[in-house]
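Next come two complexes built around chain A: one with chain B, the other with chain C.
Entry: the complex of A and B
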């Protein structure tokens, strides 16, 4: 009779059985690993082919005099040095930050307010969600074309507001027109994301705060916003990245004009690469834009999770 | 069981990934191909993506395929202005089109990168360069020739002039102006408003399309005394007295003469043509002989006899200036079937008569320009033919696109934002200096 707690060898089971069991365990573990690997391999390959390889090639091109129409020659960091001394680059970089700020802050504020209102709606929530989400499913180019018409000198906006502004041909205000169009396109998506965030807040927390006499602003400040931090982090990072790399809206509405007033980094990169046959310089700009986006994301993570 | 399933899934994933890699590696590829039996596929890149241009080319291609039964021709018809981007992406992928309809303004970039093959005279059926060029009016090949070598077969040779809504001037009791001073004097008389909205301006100034802005501005600057650049493109005259005076005159049309309301232009490329076509402007400066076709097809309300073509107004009785530009069929060096490609280019270039009668596009050939069809075209013998005979291409600048954008931005600043003319031109000049052609 085997002793309780005794090891198999001590119980008189043969070494063969023991080995078979161990092999089975290892086989199951290996099989599981292979299965896992098999599942992630297509995704890894996808990213390798479509993200990392082009990214690596882009990094290489950024150190060449590539023109796209002839063989590139290695020039080291010359393109990056050129950027440092280019007024146009710094002006465009600053303009892109302005554009990002003009779009991200209002987009998140409006989305937050709308998400809160819709979450509290007892009836018609699905209808409101659909309405808010609709702009997001309108293709960006179509939205930009429509806004281009709306912002004409005698377009809908001026007619409705009894104004006579040359929205798209006045360098002082053209960027606002583009920002408004971008905000309109993005809000729906972030309302849905923030609504999902709101629904994650435990009802007990809200009730407890209400019982303790918290007013609405206190509820938002001390309960809702802290609970929404992870969602807000995602929204801030993704919206900033989306705006900083937005090519379609400024390209369609103004093509960077008038007088470069709406020329943002993606447009400048496009111009360098495809219009001016300076793909190497364009790639260097793209690399710096990537680095800036990553640094911004890191900064946002730090700010939103400060003290945690 | 687990491990067998794992192995199966692993194999499936590897197989799938291998397929994906194969698709990625073998997919795409725009260039033509050939085989030892003479079978080949030629691709050509054109901006004729609408009838009648696309129909004319399709007819040529069908005839070419019939004459060369083993050859297939693949047409890549893109919107005008986007074809250079497509050319670059195809070239960078190692498969440039076999034939490409290149804009004269980008020829300098193409030639400086040495990506084009010189004309194969035998393939295009002529003895030599002189035999080919003798078929065309003088100067047509200047835009496609470097160091005595010719790199293109002309498809279009055009210039700009004024298109004038004659009826608008008559209704205001005015004659069509022939000098810039007259244009200024007529401004207020032609400015019409309705419920506070401007419904008519005298002139639509060009915005948003820098290359056409520069063709216009260079011509006006020449009327005022000097072109924007010297002939070799190594020196800028942007801050010269002539250029400053020319830009000041154009700014005055907006802010002193009430002749132009540039904010009427939308942000669309070539918006001045749309404004004129819609009847909101009585005059515009970026249309050539080909604009007649646009008027007849798109803007019937202002088509001749309502409107007519004239040379540009002048300053103080000087000769009106204009600048020529064009398109030519070129063959990239990297193409696999260059002889066939030149034969196709020749066949496409030979459609000049039809291009002219159906679209108003003159290819520069003497036989086309003096044909009965041509002489019966409105304004051909009175305006376009004499202007083209004395016209020359814009200076060939290796960084032409970038320089055009800089000048276009300066002009936008001057006319849209009432910018200071001198400082706008000085700023543009500073940006242009490092981009000028090097050497003599």
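Entry: the complex of A and C
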């Protein structure tokens, strides 16, 4: 027979014990609230100070002539009007979408192939996964520097393909070099996500298709792609957002050059705010970037929760 | 069941893609042992005739690269430890505690995942400046301490912990703090470690914020130091490559050590997000 004190959950507790437990629970409840507050408060404060405050402050600054040095004067929507009439702005915005498309489409196609191969290669799967993911952990600056050297006039790419292209100084092809470096840097992440998607396709579905005599292309077209649709949409949107806000690769490889051919939105914001110290105009640009990101996110949430 | 030709094609393609992905890394290692002219010889010699190990020592001495490595380690370590601790606490509160405004807080934190840093960086810089922490270790560390990702993951994971487990602790008369430290923290440990590694790698690889917040060279982190060095001495290609190789080593070691856990948590995140 166990001691009552050791097993308070047993029935047959004395009245005194029950009363003590109730008192303890009330005491614990207020203590519990202090405890909860202690758990959550640091995170709440952190996000208020370092995400929401800068966001709100940025919105205010976008309507001022702030310069990081002098005190800002309110100018209303003047900065936004200036953007509307700025060719450089529209070109940069368009170029940023172009960059996103140049990276996202090949990234998804190649990572889809890779994910399928990894799923189907039983032996050596761990090795393949490791190698495919490896570039993703390489610092973006290092990747950019290595590709900058590879794309030099006498670099590896030209010598391997017997070309003599000035990849990084020719405005019409510089963006391709940057896109290739970006694809290399981010592809591993999407291979892993798509692999998870592949593993969720029921095996019976694929077997049934095989018994019906489906060829590989039919299998991919009618079974795998429909099943992967939500994962692919998730990858499309999140990679688009990631590329549009990528700063390191173009900054290191070309710093927006030659003649602005690789100037994307994050670089333009950085230059405007920190180089030319017109923080107000930079913030107006940043708010547009924020708006685009939130629209993408909204779209993503709709995709994720559709059919739930 | 499968014809051998299918298998050969499949493994051949898989291997080809793997080799293509590895080329830039192998080239970086091989190039870091070349002379500057050997780097651009055609056809390229993958194994240099005379490996120039002095590239490493001369690059190391050219700038205070050792100092940068230490800076990156310290900053990354503190961000990983503090960030994961705070994130785990918040994740536990959001998963298992009932309190006013819990859903608002949770969704606000999820919303921060959608806010790209370049869109708020000017504001972050101004707040750091008003606090007087720009151009300091605090400035490098504090604004990047926590991410919504850590909290999201921790909440997701801790929601799977059965309530009965925590309840049994309460019945045994343990205080909430004791339950937290004796049950919740040990349970969270594996996820905390993989989150910590991901956070460290993220900090180690971060260029934009150090670029904005730091001016003094003694505060440079590795990516910032590499960028500045290459923009000044870009023609010293092999030194740039040697330092790049050194900068990769820590993250590759961390990745290989925790490979399984990291890949699993990424796969789970994709699955969890997708539902």
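Definition applied: the second predicted complex is superposed on the first by the 247 of 308 C-alpha atoms of A that agree within 3 Å, B and C clash if a C-alpha of one lies under 4 Å from a C-alpha of the other, contacts with A are read in each partner's own complex, and residues count from 1 in each chain.
Criterion: a residue touches a chain if its C-beta (ideal position, glycine included) is under 8 Å from a C-beta of that chain, and two chains touch if they have at least 3 such contacts.
Predicted model only: the values in this text are computed from it and were never measured.
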item	value
Chain B versus chain C as contact partner of A:218, first or second or both or neither	neither
First, second, both or neither for A:91, with chain B first and chain C second	neither
Chain B versus chain C as contact partner of A:287, first or second or both or neither	second
Chain B versus chain C as contact partner of A:73, first or second or both or neither	neither
Contacts of A:81 with chain B and chain C, given as first, second, both or neither	neither
Partner chain(s) touched by A:184 [first = chain B, second = chain C, both, neither]	second
Chain B versus chain C as contact partner of A:117, first or second or both or neither	second
Touching partner for A:160 - first (chain B), second (chain C), both, neither	second
Partner chain in contact with A:234 - chain B first, chain C second, else both or neither	second
Chain A residues touched by each partner, larger count belonging to chain B or chain C	C
On chain A, positions contacted by chain B and by chain C	28, 31-33, 35, 37-39, 42, 46, 49, 68, 148, 152, 154, 274, 279
Residue numbers on chain A that touch chain B, as the complex places them	27-28, 30-35, 37-39, 41-42, 45-46, 49, 66-70, 88, 148, 152-154, 164, 166, 168-172, 253-255, 257-260, 271, 274-277, 279
Partner chain C, residues of chain A touching it in the complex	8-9, 24, 28, 31-33, 35-40, 42-44, 46-47, 49-58, 61, 68, 110, 113-114, 117-118, 120-121, 124, 128-135, 137-143, 145-150, 152, 154-156, 159-160, 184, 187, 189, 192-193, 195-197, 199-200, 230-231, 234, 241, 244-245, 247-248, 251-252, 265-266, 269-270, 273-274, 279, 282-283, 286-287, 289-290, 293-294, 296-297, 304-305, 308
Chain C residues within the chain A interface of the complex	10-11, 13-14, 17-18, 21-25, 27-28, 31, 39-40, 42-44, 86-87, 89-90, 92-94, 97, 99, 105, 108-109, 111-127, 129, 142-143, 145-146, 148, 151, 170-173, 175-177, 180, 201, 204-205, 207-208, 212, 222-223, 226-227, 230, 237, 240-241, 244, 247-248, 251-252, 254-256, 259, 263, 266-271, 273-275
Chain B residues touching chain A - in the complex, by the definition given at the top	2-7, 9-10, 12-14, 16-17, 20-21, 24, 84-85, 87-89, 91-92, 109-110, 113-115, 196-197, 207-208, 262-269, 399, 401-402, 405, 409-410, 412-413, 416-417, 419, 431
